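Got a structure for you, questions after.
Naming follows writing order (A, B, C and D), and every chain is counted from residue 1.
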Amino acid sequence: MNKVVNGAREALEGLQNDMTLMVGGFGLCGIPENCISEMVRLGVKGLTCISNNAGVDDFGLGLLLDQRQIKKMISSYVGENAEFERQMLSGELEVDLIPQGTLAARCHAAGVGMPAFYTPAGYGTEVAEGKEVRYFDGKPHIMEHAFKADFALVKAWKGDRFGNVIYKGTARNFNPLMAMAGKITVVEVEELVEPGELDPNFIHTPGVFVQRIFQGVNYEKRIEQRTVRAKN
Amino acid sequence: MLDRNQIAKRISKELQDGWYVNLGIGIPTLIANYVPEDISVVFQSENGILGMGPFPFEGEEDADMINAGKQTITAMPGASIFDSATSFGMIRGKHIQLTVLGAMEVSDRGDIANWKIPGRLVKGMGGAMDLVASADNIIVAMMHTNKRGQSKLLKSCTLPLTGVRCVKKVVTNMAVLDVTPNGFKLLERAPGVSVDDIVQATEGRLIVEGDIPEIELD
Amino acid sequence: MNKVVNGAREALEGLQNDMTLMVGGFGLCGIPENCISEMVRLGVKGLTCISNNAGVDDFGLGLLLDQRQIKKMISSYVGENAEFERQMLSGELEVDLIPQGTLAARCHAAGVGMPAFYTPAGYGTEVAEGKEVRYFDGKPHIMEHAFKADFALVKAWKGDRFGNVIYKGTARNFNPLMAMAGKITVVEVEELVEPGELDPNFIHTPGVFVQRIFQGVNYEKRIEQRTVRAKN
Amino acid sequence: MLDRNQIAKRISKELQDGWYVNLGIGIPTLIANYVPEDISVVFQSENGILGMGPFPFEGEEDADMINAGKQTITAMPGASIFDSATSFGMIRGKHIQLTVLGAMEVSDRGDIANWKIPGRLVKGMGGAMDLVASADNIIVAMMHTNKRGQSKLLKSCTLPLTGVRCVKKVVTNMAVLDVTPNGFKLLERAPGVSVDDIVQATEGRLIVEGDIPEIELD
């Protein structure tokens, strides 16, 4: 068993216009930088991206927005870049804003074969419009559905050729959830290791969920809000 | 009148030893600076960490360690890191004892609006809708009135809602109020602010009973 | 913050007759041995136990069955002990058999505040009787509800006084799910460590889910089916 | 007629390189002994491990390492361990390419009964209902007839069902059959077993088209 491919180009084979993608990361933390660059190079258009955020003007999904490759964003928080705002206000870009926990749960549900579930998040708000409302223990909940995605693009720390991976720090975020949910899950890692090097007891994403894995290159890992305190 | 730091300091008095706490962006973030020394609380950041510590020392920032405001952070001893589904699982499952959020409007039934102003650019609700729909203990930290002097404590919210009947307490620059079935109940007033000032600045139903003490900050 | 209690007796304070408990473990692997012994000593009766299995005649939940302390078992696979069979056949013991994945998901759902979800497991069988059926993508699913439990009794490998714990090998099984789901979650560990000793990146159950933790004693860790191959 | 090991060996020919496979108790377990040398498959045990290896050497048993049959096991390099919810998440989410189960009865529509005999002690379905409701590729390994010589391949199951319309293939001591919309389709027959023998031993609708080859085991 060998899921290792030779870089982003091979990893994204089959990625086509108008597909739906899950893209891991929170802000610019834990985003699949190599896959994003490759998509810019490929020039695929009409993409629907399920991703918590939409990058900044010159990094992350902002690079795809800049080339007008994204038709629709499904996110919980966006608009940290000017081109995004312009496209949203002009109507070029569809934006579906959903609660962050619901976003996470809909990815997870897709991965674990649960087509629908009930959550209290969004009840009584415009998020609930058109959705089934149901009371459990006297409390209103709305029904939400699992996502579907042609590709899930995931960034991890280390992984082996069986596709077992671990994440580092809060770069974990949506990545393990999306890894479970893609029809084709692509993981780019900072370090490819041999099977057996990762402790079976501490695997974040078991290889069964992963179809393709490769060692990424030239990670920039940009920091959005550098906040520090002075050493005295 | 309280300033932003004083609002945060007043809310810090609500903290109890052993609580897990989620602080929103803005004034709520400042609360971490005022945790009483004799108690220990654990801060959750909903992007996936419990036991968030202070900002890193200069030069020690790690791009893989951020909070929900995308700021670089550190982890305390005993911290844990997890994915976003688990993080919101903690929230929906009521494992977080206190959530403090900012708001644009709060109604006297406890509705909250803090994510969208029609006609303006909408950035999204982030985790706010999950937080307010789930937590049993939600405190709103905000100014009592907006920049035009209009009350933000209303009979009904005019902006699109983030959640309904969820806010338990409001701490503003003017007052501390509980949300009760009969409206806002005035508990404390800021130094130099009279009950009359608060009545004037509150559009929603306001209950004033007996003597209203001044907010104590120390 | 200190969730450490002084052994099983203190950990089970408040446990009363007729309560509902989740009890971790798969077979005899990863069961909370100390808590079970303490319940025998306490003599609490009328318990409803949510646990994948029901122990054997002289170990695990079999010890409670022997003392007729259990009113109802909610499990996926039982009957590996004679006293269980006798009580079930005589009607002394109520038994609710549910699919193993549904058992796991109902624990998980309780922990993460999802009151209900849809699963294909059990459709068309007696498990689906009286339950709502709904089609997603043309495939029938049944609605299942989150459990509720007064106590969750969990066995882990190592834990700190904040309640952060890790499990070892397949002794993990239902334990992390139940840990998330108890009104009061009690964890017994083989080794209590200081906060900071467990790597934050590899915590299986974050302390937020745990109310009480203690270092267990005298673990027997009995093996149900000792299967080996000869060394040549 | 095939014996239990030969049934397992025949099923092992269905394995494909890179597949994740869940083997039930009984005959299915034996399949692990016959994986062709030129392919690599990963075995899942639904109590929470992928990459299950052989039994441990004597003296190296670990009470914390068991399979769903509660037998002591080892882990292969590249194994991973996870909780029961994740384990059945893999199953429901269709991440497991092949499930092989034993059965008491199979119907010619692909219904399966393998967990309960009314009047006898019921031990429970374990993970079987999740497996059959979820997997796209389910092979049943069983004897063609019961001890009284009655067919176990039926028009309709008489026992309480484990799952409906889910079995894709049946491998028995007498034959290999696909489950099609029109019933069992005979693919191969065991050495020494005639088509007529199989017709006699099959109560469900049986399709026999053309020449039926003998099962090849090597």
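By our rule, a residue touches a chain if its C-beta (ideal position, glycine included) is under 8 Å from a C-beta of that chain, and two chains touch if they have at least 3 such contacts.
Computed from a prediction, not measured in an experiment: that's the story for all the values here.
Student: What chains touch chain A and also chain D?
Tutor: The common neighbours are C.
Student: Look at the interfaces B-C and C-D and say which one is made up of more C-beta pairs in contact.
Tutor: When C-D is set beside B-C, the one with more contacts is C-D.
Student: Could you give the separation in Å between the centres of chain B and chain C, each centre being the mean of its C-alpha atoms?
Tutor: 36
Student: As a quick test, compute the distance in whole Å between the mean CA positions of chain A and chain C.
Tutor: Each chain's C-alpha centroid was found; their separation is 33 Å.
Student: Could you give the separation in Å between the centres of chain A and chain B, each centre being the mean of its C-alpha atoms?
Tutor: 28
Student: Two or more other chains touching the same residue: where does that happen in chain C?
Tutor: Those would be 105, 112-114, 119-120, 168-169, 201.
Student: Two-or-more-chain contact residues of chain B, please, as numbers and ranges.
Tutor: Answer for chain B, listing residues that touch two or more other chains: 49, 75, 81-82, 85, 88, 91-92, 134.
Student: Based on which chains touch which, is the overall arrangement a line, ring, star, complete graph, or other?
Tutor: Contact pattern: none of line, ring, star or complete.
Student: Strictly by the criterion at the top, what is the full list of touching chain pairs?
Tutor: A-B, A-C, A-D, B-C, C-D
Student: Could you please specify the touching residues of chain B with respect to chain A in the complex?
Tutor: Listed in rising order, the residues of chain B that touch chain A are 45-49, 54-73, 75, 81-85, 87-88, 91-92, 111, 121-130, 133-134, 160-165.
Student: What residues of chain A sit close enough to touch chain B in their complex?
Tutor: Residues of chain A touching chain B: 26-30, 52, 75-80, 85, 88-89, 97-105, 107-108, 119-127, 157, 168-177, 204, 221-231.
Student: Residue numbers of chain C touching chain A in their complex, please.
Tutor: That would be residues 105, 109, 112-120, 134, 136-137, 139, 141, 145, 166-169, 201-202 of chain C.
Student: Under the touch definition given earlier, write down the residues of chain B that touch chain C in their complex.
Tutor: Residue positions touching the partner: 17-18, 20, 40-42, 44, 49-51, 75, 77-82, 85-86, 88-96, 134.
Student: Show me the residue ranges of chain C that touch chain B in the complex, using the header's touch definition.
Tutor: Residues 1, 110-114, 160-162, 164, 180, 194-196, 200-201, 203, 206-209.
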